[in-house]
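Below is one structure; the comments refer to it alone.
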Amino acid sequence: MKIKYRIWEFLENIHPEDKKVRIERYFILILIVLNVMAAILGTVKSIEIKYEVFLYNFEVFSIAVFTVEYILRLWSCTSDIRYSNPLSGRLKYLVTPLAIVDLIAILPFYLPILLLDLRFIRIIRLIRIFRIAKAARYISSLKLFGRVFKEKKEELLITSFITSILIIISSSLMYVFENHAQPDKFADIPSTMWWAVATLTTIGYGDVFPITFEGKLLAAIVSILGIGLFALPTGILGAGFVEEFHKSHSKQEKKTCPHCGRDI
Amino acid sequence: MKIKYRIWEFLENIHPEDKKVRIERYFILILIVLNVMAAILGTVKSIEIKYEVFLYNFEVFSIAVFTVEYILRLWSCTSDIRYSNPLSGRLKYLVTPLAIVDLIAILPFYLPILLLDLRFIRIIRLIRIFRIAKAARYISSLKLFGRVFKEKKEELLITSFITSILIIISSSLMYVFENHAQPDKFADIPSTMWWAVATLTTIGYGDVFPITFEGKLLAAIVSILGIGLFALPTGILGAGFVEEFHKSHSKQEKKTCPHCGRDI
Amino acid sequence: MKIKYRIWEFLENIHPEDKKVRIERYFILILIVLNVMAAILGTVKSIEIKYEVFLYNFEVFSIAVFTVEYILRLWSCTSDIRYSNPLSGRLKYLVTPLAIVDLIAILPFYLPILLLDLRFIRIIRLIRIFRIAKAARYISSLKLFGRVFKEKKEELLITSFITSILIIISSSLMYVFENHAQPDKFADIPSTMWWAVATLTTIGYGDVFPITFEGKLLAAIVSILGIGLFALPTGILGAGFVEEFHKSHSKQEKKTCPHCGRDI
Amino acid sequence: MKIKYRIWEFLENIHPEDKKVRIERYFILILIVLNVMAAILGTVKSIEIKYEVFLYNFEVFSIAVFTVEYILRLWSCTSDIRYSNPLSGRLKYLVTPLAIVDLIAILPFYLPILLLDLRFIRIIRLIRIFRIAKAARYISSLKLFGRVFKEKKEELLITSFITSILIIISSSLMYVFENHAQPDKFADIPSTMWWAVATLTTIGYGDVFPITFEGKLLAAIVSILGIGLFALPTGILGAGFVEEFHKSHSKQEKKTCPHCGRDI
């Protein structure tokens, strides 16, 4: 069927420069952004009370659009050779990550809300914030992110491993030193890890800190030595991004020295 | 008219190495610095009372100088071929950013201050601090800044976008976890964003921090993972500056390999 | 004896790809991780009470395994030409770092615990956490760490020396400025060093901070100038890791320009 | 006179590898370190009381050594062609930075201490800590430091200038927003700068932070944008050190491609 293929083509942005496709893309993107903003502002008491009706109507409208979009995708996906079988193809499409995200974005609205307690309703409402994930379909730069993580996987694993050991050892020692002086704040090692994280990330909220001499000495040594190790994943990620940006830039414009084959 | 051109030449620093031009430039720069210092120190109660007359007289003197400068520029700008038309040329000059800055630096003084309430007067006084922007005309190194931002625009946009998503998602989750335990500090998602910013920048004032187990766990995960992402714009800007400094240095002294054309 | 050699071969992972060897390695690694987790969670009151018997039994089982492993290593080590002499060879093996680690991991359990006071028992229990060091035998990436420290030894020494001087001088000055205003928090220079470390690492717990004008001015100057110097070891370590990762990657895949011999 | 020259040679470490010279160097260095430690620990009440006599005797001994050293240097400096004239040469030597440092290290001891009030005595005692500056003569790696600062002077100036503007503007705006809500903490712009420094360095002691909505919004924007700019001097210094270390390493072992003249 021709119209089915057209719809698939349209929703999947197969011709991204087509004017109608671009309008659709921006419409969905703006709707997602507005949904996220509505969910965020909806938690503010005064706004919730004042704009209750408006927010509810906007929610119904958004759900309607996203539901229609979801159904159209499910109906038209058979136009794609990957999902061509009416049944098994559609099932295959249903379990793709983006289709699951689309479903999660609308499903909570259709759950029998009346049966749930109030707190749960609130959380379900907040799921609207994760509609932001729907935007992943349209934003190509997020792929860059995935590439950097993949490229630096090994380095990140090693440094994460080292930082874990650092947290475990410094928490254990601090627990031994501070537990007797501050039994409520350094009650056990998992609690002490909260101190270790706040210290090694240099956040230092100030809710927990050592007060004994040995504790302070340990904290000083751990922070001077440890911050360097803790900053390693940051540095590795940063270097990875700079490299990746460089690569994607130089792809378009790179030339090579005929002598040594290096990029000029 | 010859004198008009001379004044334009003089005010615009067209011959920057001329002795009189340099004196004028340093005079205006020092006057700007003194203005900023006066505005800052003028907010200190004890100084304000003690030096009230002196500060007022200095303000009148500065306004006089800056007004004369502004009028002379406006009068002589027709010497420049860009603004040669007496009326439309002058209008065109009036809306250049630097001319607007010059106007804002003096305008508040001429507003009918008596009609305004006290707080507003204070703010108007503080506008004097932004006379610092007048200095932009003379400080060439600020252009370097603009270049770095322009060069790294794309990278900064992507990383800003990612940090925004990070703030939104971590605030939403933290709101779910902490709202019941600390309803005053984590009252709604926008309030919780204050926690997210203080944490991800590693400032950690200590006015808001999670107290529930889930909240602490989330804060630990978010801070360990997120600080790396949050430091990306910093890293990108830093790398950009180092590159830009390198470029402007190597311009004067660079040599090239005759074979592959690369800088040596 | 053939079986002795087999056991040595097996425990030392001489054929790391052999299936039985891999199972043994993973079994020991998982046992170590579980031991560390048990030691950490065992400090939590509620868990300690609820799972006391289980944790005790697990400890006995772990000690049994580690003891058998230790004895087998000690018995079979003579298969290695380095420790071939039944007596002096075994003694030589006993004082290798890894053998000492193995001994420390089991020894506390065999000490006459009844004679010791309660606090000491607790610390002995926590020694189980350092069984994590047993894992060093199996994790090759820790060698990378050692290499980076060795490579950058000189740089780290110089920057450590500079940061020490920075701490000493800023603490001395701050002590002079703040001691009279806050005699309890800035009681003496060693106490003031706690402020210096918390400031220069940017942790800023908020338990000690200057309140006098001179103290604040000093803190501002020290922090603006000093943080840069304090971050140097971090930066040097980070650069060292990136280099080291690069090296180990390029070993497998590097090519060289035939003209100048540089890596391409 | 031969002995005069020998003493000059000896004190100035002209033959640094000579055994006697090395002993003298280490003796003075250790004495300096012990002096600094004594000055630091001498501020601790309990130690001051317990070891009063010992600390006093050690001080007298140190002063004696440093005074003899100073007089010998002053007497023998005429052996150096730079200071060969008995009077004007000696005067010339007296005003070299290292000679001034040597004088400051001993002078306070000879001042009529009885005439001064107690607080002043304490400060004079602390001057002993700055005897650490005497060590500069022997530690060559400090020169590396000077070189980095000199090399990066321009970059550091520009970034310092930008960070100053950042502190001024953010403090001014924050003062406008928070002065009415917290008139004691944001009393005037200089006080607000204390907040700006604590925020932009990410220390975040937690003694001052905004509580109004506009203040928090400003703090969030300033910290996200500003931390990147504030970290620039750190990054520049770090890069400078890595370069400088590289240079001093490669000096001994660098080779050059005959084709393009670049270092290999």
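Think of it as A, B, C and D in the order they're written, each chain with its own count starting at 1.
Following the convention adopted for this analysis, contacts are C-beta pairs under 8 Å (C-beta built on N, C-alpha and C of every residue); 3 or more make two chains touch, one makes a residue touch a chain.
Everything numeric in this text was worked out from a predicted model, so none of it was measured.
Looking at chain B and chain C, the chains that touch each of them are A, D. In terms of the distance between Cα centroids, chain A is separated most widely from D. Counting the residue numbers used at the interface between chain C and chain D, under half appear in both copies, so the two copies meet with largely different residues. Measuring from the averaged C-alpha position of chain A to that of chain B gives a distance of 32 Å. Averaging Cα coordinates per chain places chain A and chain D 45 Å apart. In chain D, the residues touching two or more other chains are 202-206, 235, 259-260, 262.
Those residues of chain D whose C-beta lies close enough to touch chain A in the complex are 202-206, 259.
By the touch criterion given at the top, residues 36, 39-41, 43-45, 119, 122-123, 126, 129-130, 132, 139, 141, 144-145, 163, 193-194, 197-198, 201-207, 233-235, 237-238, 241-242, 245, 257-260, 262, 264 of chain D touch chain C in their complex. Contacts from chain D toward chain B in the complex involve residues 154-155, 158-159, 161-162, 165, 168-169, 171-172, 175-176, 180, 187-190, 199, 202-206, 209, 216, 219-220, 223-224, 227-229, 231-232, 235-236, 239, 259-262.
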